[in-house]
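Working notes for the structure below.
Note that the chains take the letters A, B, C, D, E and F in the order they are written out, and that residue 1 is the start of every chain.
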Amino acid sequence: MYTGMSPGDLMLLQFEVEQFLYTEARLLDDRRYAEWINLLTDDIHYWMPIRRTTVSSQTDMEFTEIGGMALFDDNLDFLKLRVAKLQASNAWAEEPPSRTRHTVTNVQILDIDDNGRIIVGCNFQLYRSRLECDEDCWIGSRKDWLQRDADGSFRLAGRHIFLDQTTILSQNMSNLF
Amino acid sequence: MYTGMSPGDLMLLQFEVEQFLYTEARLLDDRRYAEWINLLTDDIHYWMPIRRTTVSSQTDMEFTEIGGMALFDDNLDFLKLRVAKLQASNAWAEEPPSRTRHTVTNVQILDIDDNGRIIVGCNFQLYRSRLECDEDCWIGSRKDWLQRDADGSFRLAGRHIFLDQTTILSQNMSNLF
Amino acid sequence: MYTGMSPGDLMLLQFEVEQFLYTEARLLDDRRYAEWINLLTDDIHYWMPIRRTTVSSQTDMEFTEIGGMALFDDNLDFLKLRVAKLQASNAWAEEPPSRTRHTVTNVQILDIDDNGRIIVGCNFQLYRSRLECDEDCWIGSRKDWLQRDADGSFRLAGRHIFLDQTTILSQNMSNLF
Amino acid sequence: MQDLTNRDNLESLVFMENFGMYGNSHASCCFQVGATEDFVVRATDWVDHKSGKVDRRIFQTRDLSSGTGASICQVLLNTCPHRGNTVCRAELGQTKSFFCTYHGWNFDLDGKLIAVPGEETYYRGKLDKSRLGLEPAAQVESYKGFVFATLDRDAPALQDYLGWVGMVGLDLIAERGDMEVIDGIQKNRVQCNWKLAVDNLFDWYHPKVSHGSAARVGLLNEDELRYMNQMVILGEYGHAISGAAFDEQKLAEIKDAAAEGRELSGSDNARVWRTTQDALDAMGPVGVRCGGHPNIFPNLWVSAAGPPQLCLRIPRGPLATELWWFTFADRNQSAEERRAAVMIASHIFGPSGLLEQDDGENWSHSTRASTGTVTRRRPVDFSMGMGLDRVLSNNSGQSYIETVVNEHAQLWLYRSWNDWMSAANWRELIDNHSVVPTSTV
Amino acid sequence: MQDLTNRDNLESLVFMENFGMYGNSHASCCFQVGATEDFVVRATDWVDHKSGKVDRRIFQTRDLSSGTGASICQVLLNTCPHRGNTVCRAELGQTKSFFCTYHGWNFDLDGKLIAVPGEETYYRGKLDKSRLGLEPAAQVESYKGFVFATLDRDAPALQDYLGWVGMVGLDLIAERGDMEVIDGIQKNRVQCNWKLAVDNLFDWYHPKVSHGSAARVGLLNEDELRYMNQMVILGEYGHAISGAAFDEQKLAEIKDAAAEGRELSGSDNARVWRTTQDALDAMGPVGVRCGGHPNIFPNLWVSAAGPPQLCLRIPRGPLATELWWFTFADRNQSAEERRAAVMIASHIFGPSGLLEQDDGENWSHSTRASTGTVTRRRPVDFSMGMGLDRVLSNNSGQSYIETVVNEHAQLWLYRSWNDWMSAANWRELIDNHSVVPTSTV
Amino acid sequence: MQDLTNRDNLESLVFMENFGMYGNSHASCCFQVGATEDFVVRATDWVDHKSGKVDRRIFQTRDLSSGTGASICQVLLNTCPHRGNTVCRAELGQTKSFFCTYHGWNFDLDGKLIAVPGEETYYRGKLDKSRLGLEPAAQVESYKGFVFATLDRDAPALQDYLGWVGMVGLDLIAERGDMEVIDGIQKNRVQCNWKLAVDNLFDWYHPKVSHGSAARVGLLNEDELRYMNQMVILGEYGHAISGAAFDEQKLAEIKDAAAEGRELSGSDNARVWRTTQDALDAMGPVGVRCGGHPNIFPNLWVSAAGPPQLCLRIPRGPLATELWWFTFADRNQSAEERRAAVMIASHIFGPSGLLEQDDGENWSHSTRASTGTVTRRRPVDFSMGMGLDRVLSNNSGQSYIETVVNEHAQLWLYRSWNDWMSAANWRELIDNHSVVPTSTV
């Protein structure tokens, strides 16, 4: 647990975590996918479950579980495929490329797991502008696992993405969250 | 006044304030209303005036004043009523429950009032996704009063919510801001 | 380069930069334009290029360059004109005045340039509510140059605004970004 | 110029939507308290429901030249006769004239075109300014401070239009004291047809379920949600009142107690005004007993059961309705009483109201269903009480129905609506509208 | 109540859109595995494409009273007969009844109106509850667990409607094992006409280009994207199957290898079921060879070439379509096999699918083009293979076309669509629909 | 391939919207400077205002095979003849061909279909590629580098269409030097009808009020906003020029001063070109005096009063218009002159322009008003100068009106629009269009 940390150490960790998340978001928006892939651990799980409308007493069914269907359910190989595709110049959903903007807010260090990975919660807003006048906006929360490497830098070891939409109101989700 | 604080103390205060606001927002989005209520002081005033379009020379009339009509004008009892309602399972506006996302940005410590309460300004965005495809988005600024308790933690002693819309473009405001 | 700074100094700088950007945003949203103008250096360049949809291999053409046409291409004199206009009471695009909300996120100190100016990257969202029910939202990224004055305070020495839209989907851009 | 923020001088304006036969109904209402200065409040659109067309904002000015109690608001079309620009974009405020921001034509508070740039140089003196004012409403009349306007010269006079039912409806606010409007109109938009929102105001069947959570958390008294004593009054042209009824004997007791200076409960105290001779003279023996909800046809709800409020159901096309809430208070209340009343009012209705927040989704879902092909094959059900109740009348000529919860007023709404839609003009409506039932309903 | 999260007991429901002649097609489909408890899944709208009208959500309940394998889902109109409110707003879940949130009418899982607040007091016992249930579908029938419903009493019986082509289409999932649905329906909205999305499912011409990036990054085998062996089967009323064909000899080899216990490649192993007598009996010699994509007219894609999935193309007006993906698995798979299958399924189709993400923009741009005046002067081109291919048939009476990539099924889709749009009712459609070609196409 | 970012080689393309009789007007315009490489710029839609239908993006390619000065742009329908997909999605760039991302049909820069996947294997050699190219514009012609296209074969030749009024309008940019387009088209969308935006370009009445703030802050000279010398020129088919006029004597003085090498003020210096024999030959004695705003009917504003710019008013349905601003500069300017000119241009018009930002709301509010039922009963007022001005003509045959600020050109716009809407084809329009007034207007 990180609760034993001094306020100063906590603030420093918060600062480092935020800057890491901003850098990572910037790489995606700048279409620097190769560098983005380098920020991931080999064992990353990148997952967006399907969300459903349920009554309040049955919200245990709100999200599909790991093992059920999902919108993203990627290991590093699948993420590399996605990135390779984005770079392929014939991935038509992104050719001409969209203009994306990943905004990360309400960043909170939630916990440190048994592997020493920092569990970070945040809100996200992914805005996409495409061709002349297509606009999409995806909003939700995320839970990220950050691994501290020997050189002090972070890599992303896990990302669970909880979109607030149920029916996806866009024609695809061809971007990374 | 907080202007005598050292930069280091100011940064720490900023950090604590931000984390408090994020935690509070998270409780609402996670529908943990009982815990949210615990973050409020007994004398909280939670207020959203009505906004009107006026010419620039008459913007003194832009907002209704305290004592006039409002969209929220709640003391703790009214807030408890709202929360009890949200938990009642027959409050149909929120049954099935909406999916909300409270984003808090541009956080600034504006002042410390005579009671030692920290006055905090911020921007907010409250996004709501509901049923299959209903979407609402409320944007504006807030002024919050934070009271530091003996154990060092904060409670919310006041919230003034300045919505940027005049006519509310949604079918209700059944959520907390 | 700022890379030699200690973590503590970096955090302090980040804090100061964020607060400056929030203050500046707040002045615009509060329509305190005279104070906003005072935050600018004499040699400010305030620029928003035109963005175009291009294929991925030709994104070097995505933005117009300095010297080409732009949406904003202002020196201090032009910015003073804009502000004077906003205060003129007969600038009809803003009479009655719009309600704006400038949100600044993902703030990162990118570099310090040869003149000691701090180069800051961020995402922005400018939301505008107008009359009864007109709404606009502009999203993108910014690159700001901050100059530290002798008294330790900042002024804005440059702002490059990269909007994510190509065709502007609003009837004007009568506000400052 | 007058400061609208000064509550004492506030002339409160409430505009009612016009629709149906376009411009044919008395369609605006204004609560007027004798302000003496110029001002303007822009209010609403005029919607033609037959065609779905909307005319631009109406606003109203008080005529500076008339300082008498008989002075009336101006109701003007917010459209510049030159190219059609909106001449008033503010929602409230003061002005000495209406200045068009396009080419600068300027109109006085009566809508008269008073200044045209280049009148001599460009128009060379040939512009007939007298025919180029802002279009005024065809008729503007007031009833106890509520001002109504219509765009149709052939519409009946206001009191003929309101009839006793409409007048009693307004009396339910006007007669209770020296009323004024509290600053702040709550406005929000629901994706429903406006008629479902009007239907709902007569509906004392839904609260127990729709607002069940308010009862569960103690905001409403669950017992009081069994509405066994209902009184329904149907009026010509579609007006109606439906809801709770006060017992004659109960009112008599209150009257006696008040006369003897005995202490009354809060709710009884709020009913003393009903027992006065003034109220009886104005509203008749049936009117003073009304505890229900009047609708001034087509869309002005007089919400008089709780804190006195008005709510307009303003159509924004067939699938959207804007709700505008106006709140009234007695100017003789103490500051504390006023504050308490405002707190209650702001927590019941409006988009964040603890009651009303649960209404919107029911209405919008019911609206959407009505577009389905199979759904349309089946009629909606209005059978509650149908054919089971008798129309009573007393010596005053006021006819009414006393019964339990029912759907008589809702049916009357849709029947009257059909009358309006079937009539080409006021003449036809006057000749052919449904007769108020006199025997069984 | 049953826990829907318990995969073993999960009764999976898949609803197909109805359009064309309104309510006339068999329009819902449900994969049923014999659950024994009450539950509800709300699914979709009924869209009338002639008028563009939408009826409210259909949901379905399992009848508690029938615990037999023959039990069938209830398919009900999600519209309260009182004012039209939606009685079920959840997307999935369990319930014991459908409670209307407006006035509290309550319906059992068969749609029967079982409780009305104030039935005695307000309705005074006069309400005929028996005529005020939730409207059920006119016909509900199942085929191997896929349940279809139609709103039209005159529609043919399900098997008559499906014909052998529709049945083989469903067999391609039903016959491969003991199938169940995996939790989670991917849903997203594309700005295209639904017919372009259906056209595309027959289209083995586009993958090499549209999904070229998937091939370039190694997700698809570029060689396999040359589809030289195609089989097209056209069915009555618009059903069709189009795509790859398995070689009879290849299937025979697999059969022999399986019989001898020889090790098979993964893909061959996935085809063993085609070589069983059961499959042959069910699907006939042509059916077992189908490696293509069936469409149950109008809009149910049986995606059986990869992981077994269904995709509904649900119209949301003429310019938008919602895609709903249902994924199936064999309940006898190991956990690892299941996990691997899910991973594949979730990466191919759906809005983030590495294949499907590239389809939407092509469809939406092709839809928009179709509204242009000059563009409309030129016909769209469907000439690939037109007039060049012969219809074969075997002793089983199954007729089919063996050829290369072509556009026969796409043309059949539009021709059948035209038949449906030209018919006023089922009688006319039965009399006048296009005859399945028997010689040259 | 050519680098479009190389300004020296830039061939600038400007496309004008087509509407009215669909495809019947000369509808695209292109400023061409003799580039020699292949490229493409996608530009705009073709809108049929009678039906509201939009044809997909037009783009244009330079024909590689023609390297001569007479070479012309290709103007092609951006719709694949196979299923209708958009073949060019970039807004600008270079390409060697147009590759359809759906099935991979490939078109050369003339629109010819050059490659079809599976042409032999799937189409079996039966595809007639020659009839499946991208639809070209029916006519493409240029005038001094401005290229116009029309979809109608029956439209008159370009110069017949433009007439002397349209040609003078274009000359106001073309004759002033060796012009090129500056990189960057400002585009934004206003919720107004396009005709109000065109009406406005003739309107020298509004600046003093609409742009009063620009005057107040010193950007405009308040004195210069009194436009007492106005010249209006009306052209066949709806073209017109309206606005300031230069005094003949003033031009003569400038000519003398320039000839004698005397120093001129900046604004006078910008007028020297008008005093040359070339300009006189091209534009005639009336043309060189034009300081106003030409509109090439229907929607191409030649904004020549300030920095030379073009603005297209592109309809996006009846209630929205896109504004596209193209800016020109003389390639012989110094870098400083160029930079200063760009700074001015980018601050006047466009969505953030200090003038134009105030126009949009006036237009959109005037558009909305026009839908109101009561508002529609009253005509819009165009009476300024009506019946008061005489049409002059000189020996050159150029007829014109000299007067003060007026609304002649605006009325001409709507009258011509009515001519176009009333004609079924070019034959009818040629026969029946309004005659340019020759006596009093």
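FYI, a residue touches a chain if its C-beta (ideal position, glycine included) is under 8 Å from a C-beta of that chain, and two chains touch if they have at least 3 such contacts.
Note that this is a predicted model, so its numbers are computed, not measured.
Student: Tell me which has more C-beta contacts between its two chains, A-B or A-F.
Tutor: A-B
Student: Find the chain most remote from chain C, comparing centres computed as mean CA coordinates.
Tutor: Computed centres place E farthest from chain C.
Student: Could you pull out the chain whose C-alpha mean position is farthest off from that of chain B?
Tutor: Comparing chain centres, F lies farthest from chain B.
Student: If you average the Cα atoms of chain E and of chain F to get two centres, how far apart are those centres in Å?
Tutor: 51
Student: What whole-Å value do you get for the distance between chain C and chain D if each is reduced to the mean of its CA atoms?
Tutor: So the centre of chain C lies 47 Å away from the centre of chain D.
Student: Using mean C-alpha positions as chain centres, tell me how far chain A is from chain E in Å, no decimals.
Tutor: 33
Student: Quick one: which residues in chain C touch 2 or more of the other chains?
Tutor: 11, 53-55, 90, 92, 95-96, 105, 125, 131-133, 166-167, 169
Student: Could you tell me which residues belong to chain F and also touch two or more other chains?
Tutor: 89-91, 101, 189, 210, 358, 361-362
Student: What topology does the chain contact graph adopt: line, ring, star, complete, or other?
Tutor: Basically it's none of the tidy shapes, so other.
Student: Name the touching chain pairs, please: which are they?
Tutor: All chain pairs meeting the touch criterion are A-B, A-C, A-E, A-F, B-C, B-D, B-E, C-D, C-F, D-E, D-F, E-F.
Student: Using the touch rule from the top, collect the residues of chain B that touch chain C in their complex.
Tutor: Result: residues 7-8, 10-11, 14, 51, 53-57, 59, 105-108, 121, 123, 125, 139-141, 164-167, 169 of chain B touch chain C.
Student: In the complex of these two chains, what residues of chain F are touching chain E?
Tutor: Interface residues on the chain F side: 22-23, 46, 48, 51, 53-56, 77, 79-86, 89, 100-104, 117-118, 121-124, 126-127, 132, 135, 151.
Student: Which of the residues in chain D come into contact with chain E in the complex?
Tutor: 196, 199, 203, 205-206, 208-210, 226, 228, 358, 361-362, 365-376, 378, 380-381, 383-385, 388, 404-406
Student: For chain F, which residues are in contact with chain A within the complex?
Tutor: Against chain A, the touching part of chain F is residues 89-91, 101, 189.
Student: Any idea which chain B residues touch chain A in the complex?
Tutor: It comes out as residues 11-12, 15, 19, 22-23, 25-26, 29, 31, 89, 94-97, 99-105, 125, 127-129, 131-133, 135.
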